[in-house]
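The first chain written gets the first letter, and so on, giving A, B and C; residue counts start at 1 in each chain.
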Amino acid sequence: MIYLLDLFGTAVFAMSGALAAGRKQMDLFGVLVLAIVTAIGGGTLRDLTLGLTPVFWVIDPLYIWVACSAGLLTLVLARIHWLHRGVLPVADALGLATFCVIGAERALAAGVDPALAVLMGVMTGVVGGMIRDLLCGEVPLVLRRELYATAALFGALLTVVLADWLPAGMATWIGLLGALALRLAAMHWKLSLPVFTHDTALRGRGRARDSDEDADKP
Amino acid sequence: MIYLLDLFGTAVFAMSGALAAGRKQMDLFGVLVLAIVTAIGGGTLRDLTLGLTPVFWVIDPLYIWVACSAGLLTLVLARIHWLHRGVLPVADALGLATFCVIGAERALAAGVDPALAVLMGVMTGVVGGMIRDLLCGEVPLVLRRELYATAALFGALLTVVLADWLPAGMATWIGLLGALALRLAAMHWKLSLPVFTHDTALRGRGRARDSDEDADKP
Amino acid sequence: MIYLLDLFGTAVFAMSGALAAGRKQMDLFGVLVLAIVTAIGGGTLRDLTLGLTPVFWVIDPLYIWVACSAGLLTLVLARIHWLHRGVLPVADALGLATFCVIGAERALAAGVDPALAVLMGVMTGVVGGMIRDLLCGEVPLVLRRELYATAALFGALLTVVLADWLPAGMATWIGLLGALALRLAAMHWKLSLPVFTHDTALRGRGRARDSDEDADKP
C-alpha cells in the first residue's frame, strides 16, 4: 500500500516536473529529464548520503518508468485546464506527504539518529522540486513558499517520534495524514512562515546598502 | 582504443566548459572548475548512483589532468576563430558519442537492467553540460537543443541492444558511430524534437494565464 | 582542536548561507536550507566521490545542529552592522582555511593520490558556497573572485606536500595558516587572478560574434 502511494507520489512529482518543462518551452527530452529529476531527485540524494547504493531506482527501475510515463501523459493532460487548478496541487500534497514519510522511514531503517531521519524525510520531499526549479533557471520556490517544506518536516517528525510508541505502519499513516493535512490547510488559508530579510536592518542607508551586500558576501 | 577515445571526450568536454567560463568572464580558477565539471560531471553522477565508489576519476586521476590541461589549452586556442566554428562542434559530437557508449557499458558491467544502462549512457553524456550551464546561470541548453540528448540515447540504446548479439567491442563501435552520425546529421540539417508548451492550450485567456501558472506550480 | 575549528568553520559557512537567504527574502525554512547546504555541501561531495558513505554528517549529526543553530543565530546577528563589515569576512577566511586543510587530510587518509587530495581540499572549501549561490539564482561568486579558491588550493597543497616531511598535525597547521594568510592578504590588497575572456579575440566583429557564441556552445 505504501509502495503504491510511493509510485503515485513519483507520478505526481514527475507531472509537476513536466509542467515546469512546458512553461520553459523545452523539447520532449527536456520534459522527460525534468519529470525524472523532480520525481527521484530527493530520494537519490537521501540514498547517496546514507550510503544506500546503488540507489533505489537502480534497484527497482519501475520508478523511472512511472516517472517517464507520467511525464509523457502530462503532454496530453496539460490541455485540461481544471486539472492544473484543482487536482494537481492536491495530488502534489499527497505526493509530498508520502515522500517525507517514506524518506524518514528509510533513514530509520538504515539506523541513523532520529533527528537525522527527520532531515532525510524533508530532503526526500523537497530536493526533487529544488533541482527542477534550478534546471528551469529559477530560485527554488520551496525556499519561499507557504508551509511546503514545513509540512514535510511535520510529517517526518510525527513518523519518527511515533515510531517508538505505535505498532509498525501506524506511525507512517499518522505522519502521512499529518503532513497532508498541514499542506492542504496551508494551501487553503495561504499560511506561510515569516520571511527573513536583514535588509530591513539597513533600511534608510540608501545606496550604501549595495556595497555592504557585496562586502558581507563571502 | 576506447580508453583513448574516453580521454579525448574528456578533453573536448573540458574545452566546452572552459569556453563557457570565458563567455562569463570567469578567472583562471573558474575556467578550471568549469572544464573539470563539464568533463567528469556525467560520469561522476553515473558512478555515484550505481554505487561504484570511489568514482572513476578518484581511481584514475588522469581524467582530472586531461580536463585541466584541456581547460588551460583552451585559453590559448580560444583565439583561433575557425576552431570554434568548425572543429569544436564535431569534436564535441565525438565526445558525446564516446561518453554515452562508455556510460552504457559501465552500467551493463555493473549488472543493472538494460533499460537502466541506456539511461546511464544518456546521463554520462549530458549531465556534465547541464551542470556547466547551471554554473553559468543558464537554463541547460541540452534540454532544448537539436537532438543532442537524443543522439546519446540512440547510441546507448544501440550499444545495449546489440551487446547480446555481437562479439564484445563490436556493439560499442556501432553505438558510437550511430550516436555520432545522428548528432552530425542533426547539426547539419538542424533537426530537432518538437517543443512542448502547454501554454498553447491556454492561449487567448490573456492575463488570467499568469495566475494559472503560479497556481499549478507545486 | 582541529575538530573544534571544523565546527567553527561549519558555523561561519552556515551564517554566510543564512545571510544569502536573507538577501533573497527567503522564509525561515529557506534560511535553514541555505545554512545547512553552504556548511556541509563541500564535505558531502568529497565524501560521496571518495566513497566514504554514509557521509560525515550522517555519522556525526552535530554538524547539522551547528549549522542550524548558526543559521538561526544569524536572524538575530544580521541586525548588527559592524558584524557584516568586519568580523564575518575574516571568520569566513578562517572557515575556508580549515575546510580545505581538513578536506585534504581526509582524502589522504582515504589513501588517494596526493594531487587528488589537493583537489578534494579545494572542493571541500568552495562547493558549499557554489551551491548556495546556485540556489540563490546567481553565478557562483567563487568562480570570479579575488583568490578565494586559490587560497584553498594553496592551503591544501601545503598540507599535502608537507605531510610527508613533518610530524603529524604540523603540516595541517601550516596549511591552515598559509590559506588564511593568502586569503586575508587577497582581501586586504584586493588581489585577484586574471580574467579569461575569449571575446577579446573576437572583438570588432560586431553582431557576427553572437552567432559564433551559439555555434561553439556544444
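A few comments on the model shown:
Basically, a contact is a pair of C-beta atoms (placed from the backbone, for glycine too) under 8 Å apart; a residue touches a chain by one contact, two chains touch by 3 or more.
Because the structure is predicted, anything quoted here is derived from the model rather than measured.
At the interface between subunit A and subunit B, two copies of one sequence, fewer than half of the residue numbers in use appear on both sides, so the contact is built from largely different positions. Per the C-alpha superposition, subunit A sits rotated 120 degrees relative to subunit C, a value rounded to a multiple of 5. Centre-to-centre separation between subunit A and subunit B, using Cα means, comes to 27 Å. Residue positions 48, 53, 134, 137 of subunit A are each in touch with at least two other chains. Taken in their complex, subunit A has these residues touching subunit C: 48-51, 53, 110, 112-113, 115-116, 119, 130, 134, 137-140, 142-145, 149-150, 153, 192-199, 201-202, 212-213, 215-218.
Those residues of subunit B whose C-beta lies close enough to touch subunit C in the complex are 12-13, 16, 18-31, 33-34, 44, 48, 53-55, 57-58, 61, 64-65, 74-75, 78-79, 81, 84-85, 88-89, 92-93, 96, 129, 134-137, 141.
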